[in-house]
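Presented sequentially are two complexes of subunit A, the first with subunit B as partner and the second with subunit C.
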Partner chain A sequence: MDSFKALFVDDEVEFLDTLVKRMKRRNIQATGVGSAEEALSFIETNPVDVVVLDVKMPGMDGIEALREIKRRHPLTEVIMLTGHANVEVAIQGMELGAFDYLMKPMDIDELIYKLQDAYKKKYVHEDKIRRMTRGDK
Partner chain B sequence: MRGSLKELGVYYRNLTRNMVLLITFVSITPMILVSGLILFQFHTSFQEKVHAHLTTLVKKHKQNIDTFLKERLADIRQLARTFTFEELSNESFLQDRLATLQDEFGPVFVDLGVVNARGLQVAYAGPFKLGMALYSTADWFQRAMKSNAFISDVFLGLRGLPHFIVAVRENWRGDPWILRATIDFVAFNNLVEHIRIGETGFAFILNRNGEFQTKPFQEIVPGKGPYLELLRSDNSAGERPVSIGRMTGEAGVKNIFVASPLKEGDWLLVYQQKVSDAFSDFERSLRVTMVVLLLGLIAIVTTAFLLSRRMVGRIAKADREKHMMNEQVVETGKLASVGELAAGIAHEINNPVAIMVEEAGWIEDLLEEEDFKDGANLKEFRRALNQIRTQGKRCKEITHKLLSFARKTDERVQEFRIDEAIQEIVALSAQRAKYSNVTVKLNLSEDLPNVRLSQAELQQVLLNLINNALDAMEKQGGSLEISSREEEGILMIEVADNGPGIPAANLGRIFDPFFTTKPVGKGTGLGLSICYGIVKKLGGDIEVASTVGVGTTFRIKIPLEMIKAQGSLNGKGE
Partner chain C sequence: MGLIHKLRKAISAGRKKAAPVDAEELRIAFRARYHQFKLLLNANNRALEIMAEMEEALKGTWPFGMHFVRARCTAVAASVFQIVKHINELAPGPYEALYERFKEIQKKINPYLSSARHTLEGPLVISLDKVDRNLADLVGGKMANLGEMKNRLFLNVPEGFIITAQAYFRFMEAGGLQSEVDRMIQATDASRLDELFALSAALQQLIIRSPLPEELEQAIEEHYSILEKNVKANVAVAMRSSALGEDAAGASFAGQYRSILNVRRETLFQAYREIVASKYGLTAMSYRLNRGIRDEDVAMCVGCLAMVDAQAGGVVYSRNPVRPGDDAIVINSVLGLPKSVVDGSSAVDVFTVSRGKDPPEIEKEIAIKVNKFLCYPDEGICRIELTEEEGEKPSLTDEQATEIALIAGRLEEYYGTAQDVEWALDNEGAIVFLQSRPLQQRSDEEAKAPPEIDRDAKDSALITGGITASGGTGVGTVFVVRKDMDALSFPEGGVLVTEQSLPRWAPLLSRAAAVVTEQGSLAGHLGNVAREFGVPALFGVKGAVENLKDLKEITVDADSRVIYRGRIDSIAKAPAKKKGLMEGSPVLETLKGASRHIIPLNLLDPDSPNFVPSRCMTFHDITRFCHEKSVHEMFEFGKRHHFPERSSKQLLCDVPMQWWILNLDDGYREEVEGRYVRIDNIVSIPMRAIWEGISAFPWEGPPPVDGKGLMSIMFEATANTSLVPGVRSSYGNRNYFMISKNYCSLTSRLGFHFSTIETLVSERSSENYISFVFKGGAADYERRLKRVLFVGDILEEFGFRISVKEDTLMARMEDRDLEYMTGRLKVLGYLTIHTRQLDMIMLRSKSVDQYRAKMNDHFKKLLAPLKQ
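What follows is the complex of A and B.
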């Protein structure tokens, strides 16, 4: 479980590029896309473990994307990035099944911890399902 | 501000004055009109009554006097017709006749005399020695000779005493002779003297020349005033038996007089009384009315004054409250526009800052590479990047606070449970509390009714208070207790910490916008003013109690009446 796939969704390309570079440096298979729509189509073809989602984006916003991702890929964990301490959005996101939320600009280490926690949760979850299905056979 | 206060003072004074004047005018005008009307009517009818009374009085006495004179004349004529000139010329017989008359009528007849055609008194009976007196030149004699009966004016005559004469003319053998009698002045005087009303009412008789025929009760000057005119006019027009008028006496005293002609216009019976005396009853009631009116006036003015002052006081208070409210609204509006501006800037700054911080982080990452490991300035690079990260965080703090201040909190009113809302917000802060080594205790009443208000707003308030408490206890840790309960219809939510407390000097300002004690860049000074604004908007109040070294307690008080869920049909809403 040392390396996992993460998808970063943000409309700020400069921010996204640097973030992806830094993640890759930390041995995370990171990819960046510029919109929620792109993210959804990307996940269809390349399943990922954790999605880091900016809440405020043109077009489909983070909350909608979260709802969609959770509907299509219930096991994929989502971490929300918010522009500011917006309680309602945070609470709404948590209610919709987001793993956690972080405020921009965030500390890289904090983000790494959250990513690892989210992946761990997903891994444990998947492991459980795998064992259950194997047991059935 | 002071100037406008002074203007306001003038305004309220004018308002008071106008109200006093209006109330007084509206109350007094009908009072005075009605009283005046009634008084006028009363005065008119009273005057009519007095006049009628006096007229009757004078008429009666005029009749009495006329009758008296006619009877005396008739008595004498009877005497002259019954007996002959010869018989009466006998003085002892005449003496007997006088005694008979005096027996019958009292001392009205003073004496009797028989005068022949030449004016010589041939016989006389009476107390004076007037036998053989010659009257040929006397006025009464000449006039008596012309008519067959005559009553003279009062005169002194030969005897030197006031008296008047009743004379009848008869013929004896072709020659006229006269029987005359003297009427006692005192007896005649009695007829008018007892006409006395009030203190100043009295009667007297005047002759054609304005000379007194009776002794007046008071010294008056009959030659002046209207009596002579009355005498003259009455002479020609005798159809007006009684006339009433007013005259001003010498000392400016107003008198009422009632006059009636006597003796076919020769004499005038006059009754005179001071107006003030005649109308004393009226004047008494006038005085009473005036006192009542005056008291009423004082009462009205006092009431109007007190009432107006109290009302204007209320108005002034309402105005002040309105003014304060306006100021608050303006303040709120100002804050809102400041907030909107700040939000715009914060949003724009946030993203570039995020990129800068990321880029700095990326450089830091790259510095880990072997190529740079031995670089001479590696330490400086590290320090500079660290600084960039620190300042980036600082920017973040500021923009986050500004955004949360400016952000339109969800104002949708919804029904929810207070304890659940508090638990939710505490859960959000639980992670931070753990890092700050703060234990959170909840003491929530589950019996609170459901409330209807914006949940987001209430949570915003609580989040700000909790964040402040956690900030305060960041260094040494502590405990945070959040409790909710109902007290006399008021919802109380307390957020109490045992942090370092707020110095008394700052307590009064903590709700002011942009007031902060946090180091520069750490706080915006908006958190508590947001709380204050929200709680006030909900109709509640927020209080703070703090002791340095012991802790701080924020207490939110909102009357449940204002926020209680209306349709509690399904009980307390499980």
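What follows is the complex of A and C.
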């Protein structure tokens, strides 16, 4: 369970590019997209393990995107990463199943730990499902 | 769907003893629970770290802004919410009430975090004729004062109008501008000067590029047309910032925002945007940060006043700002526009006018002025070189100086406090007033008579002279700043040496030990800031840059106006403590209010009947409650399911010990059948460290050993608690390790005291922590307390943060690397064993000292291999 797929969603292009580059250097299969709509269609064809989602974006906002991702792909973990400190959004996001709510500026190592933890959670879940379906047969 | 359902059931299976499940399924369920538990611990740890950080901030000794308050409150809420979520997933049912508690507490915090929505009413633009002091909330303090001078004191003040706070809010809210600004600030690390520079530039660009609401453009144009009618066609205006909220926290430092002179109709909007943008100038931003002024309280109003084409101008102080006892009136004056007095960029004439004498005595220091500022005919201002003959001429006649002084005296009387007044002399020789504000004065204590020049240090004296812009003495390394790039690397505690006293060096003052400049008067902004921050400043020191640039350490005695080579101890008293600038500031008060619902801990005793969700009054209470319960739930799982693989084992170390181990995940080298686990089968990094501390030295101190050595004592001690091995008892009543490779929680009752260690130690230094709680004892309260303090003292030496409540000691440590942490765990393991019954000797200080000496020796041995 070393390398996993992560999708980064942020409308700040410069920030996004740098982040994706740094993630790749750390052996994470990272992709970046600039909007929630793009993210949803990307995941449809390229399943990912963890999504890192900006909260405030033009078009569909992060909360709406979170709801949609969780509806379509309940096992995909979503981390919210935002420049807005907003308690209500944070709580709402976690009620909707977000793994965590993080604020920029974020130390890159800390972010990677979060990604790893989120992926571990998904992995444990999936493992359980795998074994249980095997038991059903 | 069925799958998910089944999954949920499996996770929550822990609650019931119901259907027997097979071992494999239990193992998976246990692993999922452990992962949940680990996430809970992570969140728990983060919540406690943020609370500690907030507590530190509450001391008010370092600057922070509202974005800090919001970010920390949001992060702590997010963490606590996660904790609640995790405990409910670990054990669905009994903890659901916590969601309600969480929301109740959050509701109490919210008012401190929401931006105070302005409920201001009033026009977007208002004529200066209609303004007086009562309208300060609409037009800002500076313009309200100017209106007062014009309409109540009937002084000669230019015609004009003001673009109000209402207009500012309308502008910033249009198109979500404010929200974008907030986001950019939040996402920047404000402790780094270079990031702050970049942020400031980006914010200003953003504002300057944003369009004004149409209704605002119309209102400005209308008022400009009225001004044209009243003054003349195509009238030039001076656009001056007049911010709201500058007066908060007793801050009087104005001039950190832009003023733009000689503006015509075509560029009104652009100039307005530039002035609004200057709210995010570096000087202004770091000023607010350092004074705890909330960004949202600062609304930028802009006064547009008919331009005075000045032949001379300057500033008058109704008192001497650096010598409060002196009641003479001091005028700083230049040729042309008063601009260069205010920004400290050139030499000024100083007229000191005595008070209450007719005719007054006037003391004059006429400077050789090398240039002056004038309006260009169309737009903007220019600097003109003066010939020597022109430059030597006094900028004012004695009559003019007398008149200015007279009015300054009147203004002081009217406002009841010393004033700092900007004025200009128009082409007809009439005196026009442009601004009046309270004067920053040094307190009497600061202004004691200058000390004698140190005779012993005479040889070290380098330079004498200059003007005391801010008193005191400072020692530091010379750092010459010529351009912005230099400023980026300005060191903490350096002596700022620069040519001109420019306002743009103000952000450096919070780090500077002293300031020395070649030009500038105490009237300039830099001097104001230096006084406000209590940084010694010597201005007008000729050749300072050239003479000091190659030196390292110097001593600046701003009071007696001497600069010495090196550190002169007799002069450099302990550096005057910088004022606790955050004290009483709006930002600090906001943090105080919010943290009342976050930080205090009311739930201390897990055995108390009050240890229930409904008694959780703060986030800390919820955190504490959930932590205790989660450990309990983890332990219960293995027991409840008769799950031998995941129930506790007795530790085997040659012989069975009175210590039980619960393996949460990967704490064993290999799985264990049966009742016992051998110490060398344990791979938990923190547990091995603690155990090393426990077992390294046999107990030798009082009470005397009976000869059977460490093992027997450990048997005895645990037997004291009247627990018989094998009897099922609550986890809290035995010596229990819960372990994984990187995690360990130890609950122990040895002798009569109760202690817990909880720790996470891995390569992720930023997640590492140790938490230690130590309580109880058999002796009387006084002895128990002494022991707690004794242990606390040792832990502080080893870098723990401690707090003591009654006879309970709590110690924490975070963020250190693996090696450091394991060393500390050895110490804790040692203390767990060796402070046993120490309270019996606690009142005999001699034996305490002996005991302490021996312990120190042991610590050295315990930690020694680490140092190699």
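We take it that the second predicted complex is superposed on the first by the 137 of 137 C-alpha atoms of A that agree within 3 Å, B and C clash if a C-alpha of one lies under 4 Å from a C-alpha of the other, contacts with A are read in each partner's own complex, and residues count from 1 in each chain.
In this text, a contact is a pair of C-beta atoms (placed from the backbone, for glycine too) under 8 Å apart; a residue touches a chain by one contact, two chains touch by 3 or more.
Here the structure is a predicted model, which means the values were calculated and not measured.
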Partner chain(s) touched by A:Arg25 [first = subunit B, second = subunit C, both, neither]: first
Subunit B versus subunit C as contact partner of A:Pro105, first or second or both or neither: both
Partner chain in contact with A:Ile129 - subunit B first, subunit C second, else both or neither: second
Touched partner set for A:Lys120, first subunit B, second subunit C, both or neither: second
Subunit A: partner with more touched residues, subunit B or subunit C: C
Touching partner for A:Ile91 - first (subunit B), second (subunit C), both, neither: both
Subunit B versus subunit C as contact partner of A:Pro58, first or second or both or neither: neither
Subunit C-contacting residues of subunit A that also contact subunit B: 83-87, 90-91, 103-105, 107
Residues of subunit A defined as touching subunit C within the complex: 56, 74, 82-87, 90-91, 94, 100-101, 103-105, 107, 109-110, 113, 117, 120-121, 124-125, 127-129, 131-133, 135
Contacting residues of subunit A [partner subunit B, same complex]: 12, 14-15, 18-19, 21-22, 25, 83-88, 90-91, 103-105, 107-108
Residues on subunit B engaged by subunit A in the complex (per definition of touch): 346-347, 350-351, 353-355, 357-359, 361-362, 365, 392-393, 396, 399-400, 403-404, 407, 409-410, 424-425, 428, 456, 459-460, 463
Complex interface listing, subunit C residues touching subunit A: 3-4, 6-7, 10, 24-25, 28-29, 31-32, 35, 39, 42, 67, 70-71, 73-75, 77-78, 81-82, 85, 106, 109-110, 113, 179, 182-184, 186-189, 764, 766-767
